[in-house]
Every structure is written in C-alpha cells, then in structure tokens.
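In the two complexes below, subunit A is the common chain; its partner is subunit B in one and subunit C in the other.
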Partner chain A sequence: MSGARDSGVARPVKSFTYRSVAGPGRETSRRSGKWRAVARNVGIPILSMALLVLTWEWIVVGFHIAPYIAPRPMQAYEAVRSDWVTLWPLVLATIRETIYGYSSGALLGVFLGVVMAKVQFLQRMVYPVLVLSQAVPIIALAAPLVLILGFSVVPIVIIVAWIVFFPVTVNVLDGLSHVDQDLLNLARVYGASRWRTFVQIEIPATTTPLFSGLKIGATYAVTGAIIGELVASNGSSLALYQEHANSNLNTPAVYGTTILMTIIGISWFLLVVGAEVLATPWQRRSVARRPWRRRREAALTTAQVEN
Partner chain B sequence: MTDNVLLELRDVGKVFVETIALSPTNLAVKEGSFVAIVGPSGCGKSTLFNVIAGLLRPDSGEVRLADQPVTGATGHVGYMLQKDLLVPWRTVEDNITMAARLTRRVTADDRAEARRVAVQYGLGDFLRHYPSALSGGMRQRVAFMRTLVTHQQLLLLDEPFGALDAQTRLEMQQWLLQVWRDTGRTVLFITHDVDESIFLSDRILVMSPRPGRVVADLANPLPRPRDIATLTDPQFNELKSRIMGLLHGVAT
Partner chain C sequence: MRFNRLGALAAAGSLLATSVVALAAGPSASAASPTKITFAYDFPGPDFELTPLVVAQDQGFFKAAGLQVSVVFPPNTSTTTKMLATGSAGIGFLTTTDMGVAVDVGVPVLSVANYSMRNNWALFAKPGTKLTAANLKSALKGKKIFSYGDTWTEAMLPFVLKKAGLSTSQVKIITDPTGNDLTDLLAGKVDFSTSTTNYEIPGFQGSGQKGQLTQLLGTAAGAPDIPIWVYAVTKSYANAHGANVKAFLTAVKKATAWAAKNPTKAAAEFTKAYPKSGYTPAYNQAGWKLTIPFLTNTHGQYFTQTSAQWSTLSKALKSIKLISKVQSPSTYFTNKFLP
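Up next is the complex of A and B:
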C-alpha cells in the first residue's frame, strides 16, 4: 500500500497545479482500504453481539438457572421459531406502526423546528408546550388517547410520533439557528432570495443535526410502538403476545419476543444510519461520484484542456 | 485602468450605539484599479465594506456604483472574506457556481465557466473534490473563483489571505495579481498587512479608529508587473515607513 502512495508523490508536478494532496496513488489503494473499513465497521459489532449471546449462555448454564427464570439463547430462539406463524404478522404490525409513527413524527418534528427557527414569536410560544409534552409520562398519555380514539392503530401511531418528533425538532431548531452568519451574509451580498438561501444553505447546513435527531428518534420509536400496543392494541400484538407468554410462565417466549423487538429497533436505527450515509456523501468521500448527466460535458472540457 | 469612476461614496457614515464606526467618508474608485485599505482593528474597514456590499445601511450619505445609487442594496458586488465560506456539501465545481445557484438556475454555461476558470488557475484536477479534501490555499482559490464568476465588476476582498501561512500568502498574492491582470476587475482589498497592501495595490487608504476614518490616501508608485524583488525596492520601503508612521503615530 505504501508503495502505491509513493508512486503518486513521485509523479512529475505540473507547474501551478496541485498533485500531492490527493494524487492517483490513493485511488489504487482505495479498494483494499474499503474492505478493511467494512470489516472494521461491520465485523466488530457482529463480534461484540456474538460475545453478548455467549455470555448469556455461560451465565445461564454456569449458574444452573431454571428455564422458566431465564432460558438459554437457543431456547429463546426455539420459542420464536416454533410459533413463527403467529409471530410474523405481529412483527409486521409492529413494523407498520413504527413506520407510520416515525414518519409522521419526523415530518412534524422538521416542520416545528423550521417554523420555530423562522418565527421568534412562535418559538417562545410553542417551545414550552413541546417540553411539557415530553414531561408527560407516555403511559399516562396512552389511556386518554385510547378513550378518545378507541383500541386501534391510531393511538399507537400517535404515541410513536409523540416520542419521535421532539429530538428532531430540538436538533433542527438548533441546527438552523447555528448556520454560519457570514455564509448567510455572503448569500445576501449575492442577492439571494430568502427561499433560495433556505433551500441552498440553511437546509443542507442542518443535515447533520437533523440526522442526530432522527437517530435518537429511531432508537425510541419501537419502544413507543410496544408501549402503544400494550395499552391500545385490539386483541393481538407483539406486546400482548409477550404479556400472555409471561403470565403462562413461558419465559423462553418472553425472551424470544424481547429479542424480536430489539431486532426491529436496531434495524430501524440502521436504516436511518444508511439514509444518512446516502444523504451526506461529503462526510466520507473526498471526491464526488460523477452524476451521469454531467459526464459528457466534463469529458468535453477535459478534451479541450488537453489539446 | 480607465478614468471612469466605478464606485463613489458621498459622505457615507455609520454609528453603532454612540460609537462612530465610520465618520462621513468620501471616496471615488476608478474602474480597473486595485485599492488597498490598511488599518488596525476597529478602524471601520469592515463597516465600510459592509456598507458598500449593502449588508449595512449607512446612517448618512450615498453609495453609487457605475453612477447608479445602490445604498443599502445587495447583489452588485463580489465579496470574499478571510473565511473561505465554501459549503462542505458541494464539490469544488458546485461551490464555484454557488452565486448562480443562489439567484437562478445553474446553466451548463455556468458549469462550463466554472470548469474553465478552475482549469486555468490550477484546480482543474479538483473539480469533483469536496472542499474538505483541499488545503487552505486551494480553498481560498476556490473561494476567489466563486467571487470571480459572479461577473461583478467590483470585488470586495476582506483579508482574504489573512489565515494563510507566509509562504502560501505570497504565492496567493502573486496569483491574485495575475488574475486581476487577466480579468480587469476593480478590487478593494482590506488587510492589516502593510507589505501586502503595497505589493498589490495602485492606491492605499490608511484608516484609523475612534472615530473610524480614512486618514491618508496614498498613490502607490511601484511599477508593475511586481515580483519578489518589489518587496526590497527602496520605493517599497519608503512607502512602508510612511504607512507605518501613519498607523503607529510615529513622525516621518
């Protein structure tokens, strides 16, 4: 690898052009570096989870814990596998509630953040109410919601949205109020309209805080859905299934459903992280991928220069 | 340089909470000239710039550009600060076309021009790079190209090389003179570096604080083109000691 880098530095330097910062040497070594990064970013988390499961196994076996108090990992897995036909639709339902609740919560969060950042008066008026909304215990909120809306998916979605919007709002508001004033002035000097400044400068400058909020929201979204199911679901849901298993002393099934819920939660979080990676290429790459429609023009310019 | 007056200030003054940031100032800048403004912090340099750029409305007086009143109006100058203000989410090419993107649709011509300018001034290999991959000097070049393609005749440069190391700064100064010669723009250049002001300009305004005002308006007799030898020219040193005297109150 170091050999490839050296060859990049040793290339003849054209006068008045820079070569050393990102020469061709890096390009050739990128591929192996990429796989190394994948191994580091994916392999190590998988290893740590495997260790966690192993520790669980050792504790249960080592301390001779009875299966109705704590099952072994394989027993929990078996409980889920044997009743998969029942569980799968419940998992889908929980995912659906999470999707609806999360997206409406995220949209509401962005909307409130933008509105409060733009209108000082509304910020003073609405912000305390938002903080208040988060101080209300979510369980205490669920009961009146069910009374008003009945046992259905609607109160569950509202509970998820209720949890998700807040970190999004706070982060968007924070991000929008910390956009570099000099950059905004520059846009003004250029004669930019407020709308274009908002779209071209303020929104992209808020991407990082926005995703912080979305990630925090993602970790809570599934928890919200389960709490909602516990209180508001009509008959069958993952949360009620677990409660039923618990009252039957079917501890392996209790552990199994907990793991299912955790997997949904982690997947949701990873999905948001993936969206962030796609939305912010400049944070990982030093060179942009070339959009296909510009390729021809660029080729023409290069040809002209080389002639 | 022509004899046409491009920028004219008539009795332009600005007061901030009982501090006279800029006492009424008259100034006429000829088209194609390079005017340097030197002075300590608090002398009203940046206030002057912000008034010309339209970011600040003066309390008195009038700003005229090409014989049109532009007091308090934006969108008529190029403007560049010590901070490069490149946006990290755009490539070099897209940063150069930023002014177009902020005011209208970016056309193929805009992009072609950005590429041409970048290639001409040594950044052709970095068009698709994000700013984070560039060095300080390169970033400042991109920021200047972005200012250039606004096609504004008047460029306001507020200590554009202030954050660079001495070596890079000298390189950038020579580069700026080359670009200025190629493009024939009118430059107002703020600096606190006396050497820099002499090396670059046709004319030097020396400013002083409390109240912020122009205390001297000096013609720069040094011939062009200028190079490293200019920095040790007797005329250079003579002008320098005069400006130093004005800045530090030493009699000359």
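Up next is the complex of A and C:
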C-alpha cells in the first residue's frame, strides 16, 4: 500500500516532462487514440448487435417464416411499442425484484464467504449445504416457496437471492483463501490488528474475485426474477404477460418481451461492470486517479512553461 | 495388403448388391408398410385423455387402418398449433379456444373432429364452501382465483365474472402456468381453482383430503356450453393427406367407443403405455371415467361438430377481445373426414 502511495507522489514530474516534450502533436494522437478505444469498445458491440438483428431479419424474410412462428425484428419492436403503457410498470416491477433479490443475495454471499473463510469449522459444515442448495432445481424450490409465502414479491426475491448468493460466496471465499501470505506476515510484523489486516489487506485482495461473483450473479439475477414471476406473481408480471402472449399466439409480443428481459439483464450486468471499474482503478492503471494529482500536474506544467 | 484389397472389393460389392435389392424391393415394401402419422398432444406430458389413442394402438385399430401413429408432446400448451403449422406433427389435439386464436392470427388450422362435446370446465373451492350460481357475486368478490393462464380459462372466466356482476379488478386472478391449482387451493393460497371436472375431481380424491370438492360448472355460471378439445390438422395437411386423416379418425373413433365401453381396461392400457406419466392408476381410471360422459352429443354421436358450436365460440372470444373478428364457422372446422 505504501509503495503505491510513494509512486503516486514521485511519478507526476516524470510524466509531465515527457508530455511537455511531446507537445500538442502527442495530445492530438492521445485524443485520436481515445476515440479509437471508444470505437473499439462501443462501436464493435453495437455493430455485432446490428449484425445479429440483420441476420434475424434475413432468416425470417429469406425462409418465409410466418409471424406466428417467428416475427421480424420490427414486428417485435412494434409489439412492445404499441403496448408500452402496459409493459412499462411490469418492466419496473421486474427491475425492482431484481434489485431486491440481487442486493440480498450479494450481501448474503459476502457475509457467508467471510464467515466461512474465518471459521474453518463453519466452512466444513456449511459449504456442502451451499453446493446442495444449488443442485436443487429452482423450479422445484419455487413451488414450496409459494405455498409457504403465498403469491407475492417475497418468493421472487428469495429465488433471485438464491441464485445470486452462491457465486458471490464461492468467489469471496476463494479470494480470502488466497491472500498473499507475505502481506499478511508483513502486517503482523508491523503489529496490525486483525480488523485492520482484514480491512486493508484482505478486503482489497478479495475485490477482483468478488466482482467476478457479482458479475456471474448479475447475468442470472434477471432469469431468477422471471422464473419467480412465472410461479409467484400476484396478478401481473412481465413473465406472465409473455406467457399470455404465447398462449394467444402473439409471437411478436413474446419476442418483444424477451428482448426487454434481455435488455434488463445486460443493463444489470453493465451496471455491475461499471461499479467494478470504479471500485478497482488499479486494474486499468498503475496508480490511482486522484483529482489533487491532476491539479498538481497542471501547476507543474505552468511552472515549467514559465521557466 | 492383398487381403485388404480383396476385403474392400467384397464389401463394396455386397453394398452395391444390397442397394440394388433395396431399390428393386422399394415400391412393394413401402406399399406394405403402414403410413406414419405424428400426433401432437396439447400438454407437455401424457395423461388419461390420450386413452383413445393408446387403445387404438393396443387394440390394433391403427394397424388395421394402415397407420403407424407416434405421439409427441409439446414443450408447453401453446406450441401444439405451431407444431402443426411447421409440419412437426400431422394431427394435433387442441382446445377450441386455441383453434379460435390460431385462426385469428392466420394459422391455417382446421378442426376435423370434436374430442369432447360439452364444456366441463368449472370453478372449484374447498369442501364446505358455499358456491352456487345464486351467490356467485358474494362468493367471488375480492377472492383469489387460480388460472393456469391457458386460453380456455382466459375465455371462460370473463363469462363467470359477467354473470356474477363483477369486474376483473374486483377479484384477484392468480396466474401460475407452472403450478398446481389444487395444491394452492388446499393450502389456502387461493380461494378458487379453475379446471375441468375430469382432472380436478380425481386430483382431489388422490390428495387424501376428506369431504367433497365444491364445484360450480362454468355452464351454470354463464360460460357457453361448447366442446373444449378437438382433433386438428393444417389445411395443407388435410388436402394432401385427407385419406390418412379419415383413417386416423376411423381408428380413434372405434378406440373411443371401445374405451367408453371398457373404461377400467382402457385406463389400465393407458397406465401400461405410460407408466412414468406421474399419475396413479386410480387417477387415470377416475379421470377417464369422468371424461366418458362428455365424449358424445345428445344423439350419442362421437366427433360430430356443428356450425353453432364454432359460431358460439368465435362470438364469445370476440366479446372478450381474445380474437379480432368472427369468421364463418367453416373457417374453423370440417366434418368431411369423419368416419
């Protein structure tokens, strides 16, 4: 930790010198490089999505597939657009269930991971049960949940949490089990308390595996919410809307709602990725980005030019 | 090496000879072999309503008609129509409401025979509940009604609510396509379940609960008395394989009559054919016995469809906005393949 802080102070002068030598040309090149990176990171995924939609359109039109078997992309879009007033509250409800379930599952996952890492006896006792919990088909779990808790948002949230907590627990446990022993020894030599060692060494070391677990959980969370809605909805839900559309051979609406569910899932995943980017800056640069450092760089640049 | 070459030559020669023999025997062999028909059921797994087909197979009615029928099951109740439309199955088992909806969205399906003749869909409540046509409003108001989300229930419930003088906002319709209505009813999670008598009553009997399930037939609560299930094909299949459709219906009609006359034996045949269906022999027998009274019309006829039934159905579906327009009855059915 102290090493990182030292380099944070020492480096700016060097980087300033380098940039000032390079001049405006270097700045332009840096900007174009940034745009290239944006094009690469955003443009290519958009292009691949566009290609996917085009392929879908081409298959439906090329093979003369009837709309009740598979609609064209625009028909699916139109089905959603024309009934957006009905769909929007259902989308919000699904998002709400995902947030509640995901948050509960993630918190439970972290808690279990930490507790199991610290108490070996508990790990030996609880870990097999956790593995067993994931082997139970979620649909088999859903029925008794509804019978016990009734048709409400609670079973849905539990289903989502059930899906999310396991990858989080396993990854946190894994992260805490593989903290650099030298760092722990060093902390002990300096007389750090167990709490301080945990906060300043073990938690940062677990961040990367934790986010891996959170990302896995994010991809499954919406699926969990949809399964939950199918079995435990109290009246209406996005999953039931889709089920009714399917019963009524309204295939464009089935595809349209599927796209909506996918968008919710992707958005959720991207949100977690965004949180990871903010929480783990060291994964993208060797030193942390700090506003005071930029101000100091600017001041040094001015001083250099004046001299 | 020499041995290998000789071996390869011999193998090639025998392959050629087999091909020639097969080609020569082709036409006569296919003339003798039965015509294959794929039948798509309306539910993801087998249950006692398949009894006529099992009997037709076991008693040799299909064989006598020159048919070899294989039964396939859809992944969900709304896929049977699509299986017919895509040619995954030749003949299918559908609810009449599914037929109405399918025709409305342009699926070229045609009902070729009724399976059941009347509507035995009903509302069910725990034993001891007071549920009659007279107290419908007070009994249903503010209560939870279970639905599988199928088109039949979707179509029938509005009639019941209309008769009760209630709007959909005055009751709570709980849709659970993957659940079990009877379990939810008995566990008190819903106040009323919806199903047909031939499925619900045996289910209750098998639950070990005391008393008698309270039931109110839909027809007594404002629902139209129309057939629930039909045998259906696509129009192109009917045009291309009309003789097969007729042969199929001939065999199934004989089997249905046999199974109605010998319900215990027929149910046992079903249990034997599908031992892993998940249903007990007692359930299969009770279910089939409760199905029999609905298989014939007032004249004792099997299969016969009427313009009136399709007209009533399409008007009913239109009135609850499940279809966009009422089409002429001939769009939905034909009796020309009836034996």
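Here, the second predicted complex is superposed on the first by the 257 of 307 C-alpha atoms of A that agree within 3 Å, B and C clash if a C-alpha of one lies under 4 Å from a C-alpha of the other, contacts with A are read in each partner's own complex, and residues count from 1 in each chain.
Keep this in mind: contacts are C-beta pairs under 8 Å (C-beta built on N, C-alpha and C of every residue); 3 or more make two chains touch, one makes a residue touch a chain.
Worth saying up front: this structure is predicted, and the values here are computed from it rather than measured.
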item: First, second, both or neither for A:W195, with subunit B first and subunit C second; value: neither
item: Which superposed partner A:F63 touches (first subunit B, second subunit C, both, neither); value: neither
item: First, second, both or neither for A:W282, with subunit B first and subunit C second; value: first
item: Touching partner for A:L249 - first (subunit B), second (subunit C), both, neither; value: second
item: Larger contact residue set on subunit A - subunit B or subunit C; value: B
item: Overlap of the subunit B and subunit C footprints on subunit A, listed as residue numbers; value: none
item: Residue numbers on subunit C that touch subunit A, as the complex places them; value: 76-78, 81-82, 85-86, 98, 101-102, 105-107, 144, 149-151, 154, 172-180, 183-184, 187, 189-190, 322
item: Of subunit A, residues touching subunit B in the complex; value: 16-19, 21-22, 180, 182-183, 185-193, 196-197, 200-201, 204-205, 207, 280, 282, 285-288, 290, 294, 297-298, 301, 305
item: Of subunit A, residues touching subunit C in the complex; value: 66-69, 139, 142-143, 146-147, 150-151, 230-235, 240, 243-244, 246-250
item: Residues on subunit B engaged by subunit A in the complex (per definition of touch); value: 53-55, 74-77, 79, 81, 83, 85, 87-91, 98-99, 101-103, 108, 111-112, 115-116, 119, 121-130, 132-135, 138, 150
